């Protein structure tokens, strides 16, 4: 279940920098994948055992270590030690309730943000925290569960497609961010399609179930927005604090992905505005139907209530009611009723109610 | 069909900088128009064949190459190569779902924004992405479909009207931007007229169809706003990063068009506020009518229900009902009814309900 | 008629800087008024003929040329030529749909903003565009129609009242701005009075006509706001770009009028908030009345419907209805009815509905 | 009466800097109070006559001249002349419709803001404009009416309590500002109490009179906010432009009062949010009651209308109605009615309406 | 009781810097706890007597003096004197109605903010003001009541856990802030859980009691927000003005807690948006039910009112009503009624009302 506010109770009263896992355990043993490459070759190794981490400066080329599953604090602490990470970073990696942001620790940059995936069975968005460490010649990435949006990136590294093998660790980090932000567009497309379906349903038959779908989507949009907005700030900070860890070439690419993040936010806001507009449309259409229903009730009631009264009047059993004896009494009453009804109709017509 | 969120699925998993066309194909073969001019002469050539592009520095004067139709990635790649464009720019030109922005690539500036046209048959706004490359002595422009707002500009170049033949490529770029922003005003005039029609309809007969028109216009306004807002930022960035590509004279003109873009945004916001006000007016007028209808129902019902009860009372068939035998029973009951009705009317009068 | 979005269609496809009149023609022939003064004397000339404009540097003292009526593009072009104005300025002066702003052209400053006047016959605000050119020793002002808020200023010049004859052209420009901003206060007073009248009407008898007045005032407030907000920015820019055209003394005065413009905006926002509050008050008071009406209906209906049913029951014509034969049947039914009615009343009382 | 927009019509067409009193006249003759003090002694003089003002530099210590009543423009002009005040300052002091702000005139600082007092008889806020001139060794203060929040300050000066006699004119100015801002807290406490009373009334019996109190309070909050917001900016400007007129020590105190002004704004916004929340609560509680009333009506009507129809059916006088002759006809009809009623009740139960 | 606006009336008319206690008295005698530690040892002393305060520079290591209970102004004044605190600081410590902020007094920093605790018996948030003085080698903390969120911190100092004994007073101050901000997350979790419970209740049975819970939670959120927002600014100021009192290491930690404060604000805003969404959901669900109820009423009434009229017609007692004598009159009327009812049903069906 996705709680609105993540449970962080394990952290209360702990000394700052204490590595405590905060989140849900999705798989038994963490999975460590190490990819090392330079222009000429690329190797990939995967293990669920506790590996010995070799610091990057002992290697040439680019090293990318990815860990799926964060509950094993010791494993991640040993990785952190090999790469000389600050205790605060370790703490933040293990805490899966972080707000997307970028921190500069001098030797390396720490980035954290949300990776989204469309859960097509439940028709909703699934979020997962991804942390990145970008150092000199290495990228460390930390995910909560296996399965990610980096498959095609791994393939590009393995097959040497594109420029990736020719570029440094900063380009790799950019590619990871780019893949995640691209996935946001995919999610937005899904949401956009759902909205379009609702929009056309709204024109055909607005019912209360539709309303629930709109409300659910609004809630989803709220969470989506909360993940997307800080990414822009994160990318902005990244460019500012990047220093020598980022080459000018990669900065150009980062500016591009920054533009995409702005577009994501823009689209989310537009979708939210559309949803708000649809709610308005729904409410006014419900209101319109209600008004029509009420008008019919009023029409029927105001026509027949006076007529019924007249009928009731001559249904009284008084001994002395001269009209009852009249030859044309019945006809006269029928005529009276017709006049009253026409009068009413005329009045309604004049008032343009119907 | 205009999707709310453009489909970009072709881009997922692609290496950054890969030229992939994202958008709809509007015409079979792209149309390449090359206009070259200096103060003394102007030539124009048009071809649907794949031309050989001659880089600008090999020419004198100003070269303007315009391409209608972006689905032929190879054609555009060959143009990009001739002019030494960065792969990211190529990717962005082919992706028709960009948010308006301006990027500085040193040798050239990349601008992208939305060109609007009023689709008078469907009474709605049609958007099309236009990308501009402003380099030293050349302007490249990329459009999704044939047909644009540059006709009079081409004529001015051909006939040497105005200052255009005496100015450089930066002035040409300004003229293109100016023509597009001017078209926004034309669109806003159309929208303004539609709003005025609705406004006067609203005063005469507010019905649910009118409501739909308002809602549709609000949605249109949302998309309009989304195209217009970033143009201001784009022009701002353009002036800042323009460097030596922009002369002081052209900066003056750009400041002018910047002022126009602010005015466009201003007008859009005012139109949106007017629409919101009209929705309020509609809702309160519907509410007022409903209240009137309900009042009539209440009036009729509260007058006649008690009278009907009295009539019903004396319609009972009890053997022993002394009033029925009275000589003036009927008259007394009629009098009682008149009194009840007048009492009611008096009460309503006092309460100022009618 | 005041269009929401001004018609600028005459401008489409024109080369930038082409002088095209955009607006309405209010008088046959433009009226040119030239006032020249220094500390010792002041002359005023008025002509509807096409005068020869003598550039300011050929004169001593301060020259103020005012033109009422902008449709004669040639006249204004000849003035622009005499004073060396940039084509863009000429274009902007002729276009009466400008957003208030201030542009620095080095030799002179260009200012444009809206002059408001209260149209007391139609009880609404009338706007007119005023453009000012402040150069070294001269001020040019352009208005759409004759009649303005500068009468007392002209008198002060003629009679040498106040400091104006001792000061330069910048002080004259300040005086013009000050007079226009002061008029905003007068308008706001009018609007404030109208709001107060509505407010007291609202307490006495809220009807749908009142609602219309509120809505109309809201719309008026929207247009008022649109004219007033940019004036603050204009004055801010003016102070920044003023350079040597403004003396320190006049800057002090401009800061004062800047403070006034902030106050105007502030007051507009407060009036808008008050209007919004009045709308809320209106809606809740209408709602309250409706609820009262509905309660009476419910009261009457729920009391009498069951009673009528009982009466109807004993109005049935079954042969075998033992109660009808009872000696005290009628009395018993009346007692039953009284009980039902009291029970209902008691229930309503307990529920505190009445 | 407190007009929404103050009447400034006396100012129209006047030359800038002309001293014109704009406001209401609260007392016959202005009251001039002069307090002079240094560390060793303090003198206080009060006169309603036109005194001769002795400029501060002719005195030692601190001079504080306070004027209650601003309609005597000549008196204030003579004071302004003695202290060398700019005509614009004189004009601003006499205009009681100023927005709170701070202006730097080199030799002295001009501050204007609103002093609030709780009018306990009318249960509303009373505003009065206070202008301060802080110069080297003197403070001039201008109030609209007698009676202020400075009583305890005067006493502190007279009795030499606290640090005031040891400090300069800047500290005196700070004390005046502090006293006024402190009074805002007192007002907010009053408003807070009123809100709490309304809040508890809302829980007990929400009626339309309560609604009026909320609306009135909202309006009051609007005016309160308009007085309080600019004070923050004023204090900010004061610190920036203070120059040598403010000592470091006093700047520390001003930062403190700045903090208070932020807190005042904060509290006002919270109160406004609370009021908005209360309006929502009121509206939904009224809505709830209405819904309950409507449900009872529907319940009664839907149960009895069919029953009445059946009764009416057998009240018809057709000669040939076989059921009427049946032995158990009456009983059968009663049973039918019971069945219909139970069916209805069961349906309602199932739908969970009651 | 928690007043909306705290009562500060004790402060009116006091000289600035006068130490006056503003708040509620929670315990008889203030409790003074002194903790002194360096890397090798840690001592803790607690007394309710008036202790003699030894200034920090006379000690080595870090001194932390905590005072619970602020009503004894003399005690705190004597502490303030020992540590050379400015009178304004003393005044602010005693005033428990401060807005969170940070002030730089050169030798020391003054911080004040709200510590929250979840009052589980009343299911609401309890706030308490905490003031911190961070000087060279010492931290002074001031709380309104005993009981705080620092228990685990004290333990860490006593047992030498973590890095705290190796670090300076700035790290201690950071730990205090961190503990308080961490508690905000705990509170938000509680609120989040309450919201989730309401959310699921909303789906099952929306009633007016639920509405009250939502409104109460909104009010709680308002107060929560008011405490949380300024903490971000406070931390920002702290980092800027910290000077030499903060080491680079601790600045890193403060940046981390700053990130947390941003996340707290973010979460509060999301919760507020969720609550607003729930209100909307509630209102539309209530509206839907109401509409259904009204439809049933309309259905029943519009079917049976015409039928009842027909029955009433033939219940009239006119002597000459030919239909009554007809052999198949009764059957014909029944048929007519069936036709009317079916017609109505068919009409409703066609209009898709049911």
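We call the chains A, B, C, D and E, going by the order they appear; numbering starts again at 1 in every chain.
Everything that follows uses one rule, which is that contacts are C-beta pairs under 8 Å (C-beta built on N, C-alpha and C of every residue); 3 or more make two chains touch, one makes a residue touch a chain.
Quick caveat: nothing in here was measured; it's all calculated off a predicted structure.
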Rotation in the CA alignment of chain C with chain D, degrees, nearest 5:
70
Residue numbers at the chain A-chain E interface: does the shared fraction exceed half, giving same, or fall under half, giving different?
different
Distance-wise, how many Å sit between the C-alpha centres of chain D and chain E, to the nearest whole number?
25
Let me have the rounded angstrom distance from the C-alpha centre of chain C over to the C-alpha centre of chain E, please.
41
Per-residue overlap in chain A, given as positions that touch at least 2 other chains:
294, 297, 301, 305, 308, 312, 315-317, 321
Line, ring, star, complete or other: which describes how these chains touch one another?
ring
Partner chain B, residues of chain A touching it in the complex
151-153, 156, 161-164, 174-175, 178-179, 182-183, 185-186, 188-189, 191-193, 195-196, 252-253, 255-256, 259, 262-263, 266-267, 270-271, 273-274, 277, 280-281, 284-285, 287-288, 291, 294-295, 297-298, 301-302, 305-306, 308-309, 312-313, 315-321, 351-353
Okay, in this complex, where on chain A does chain E touch?
3-9, 11-18, 86, 88, 92, 97-99, 101, 103, 105, 205, 208, 211, 215, 218-219, 222-223, 226, 230, 279, 283, 286, 289-290, 292-294, 296-297, 300-301, 304-305, 307-308, 311-312, 314-317, 321, 323-330, 333
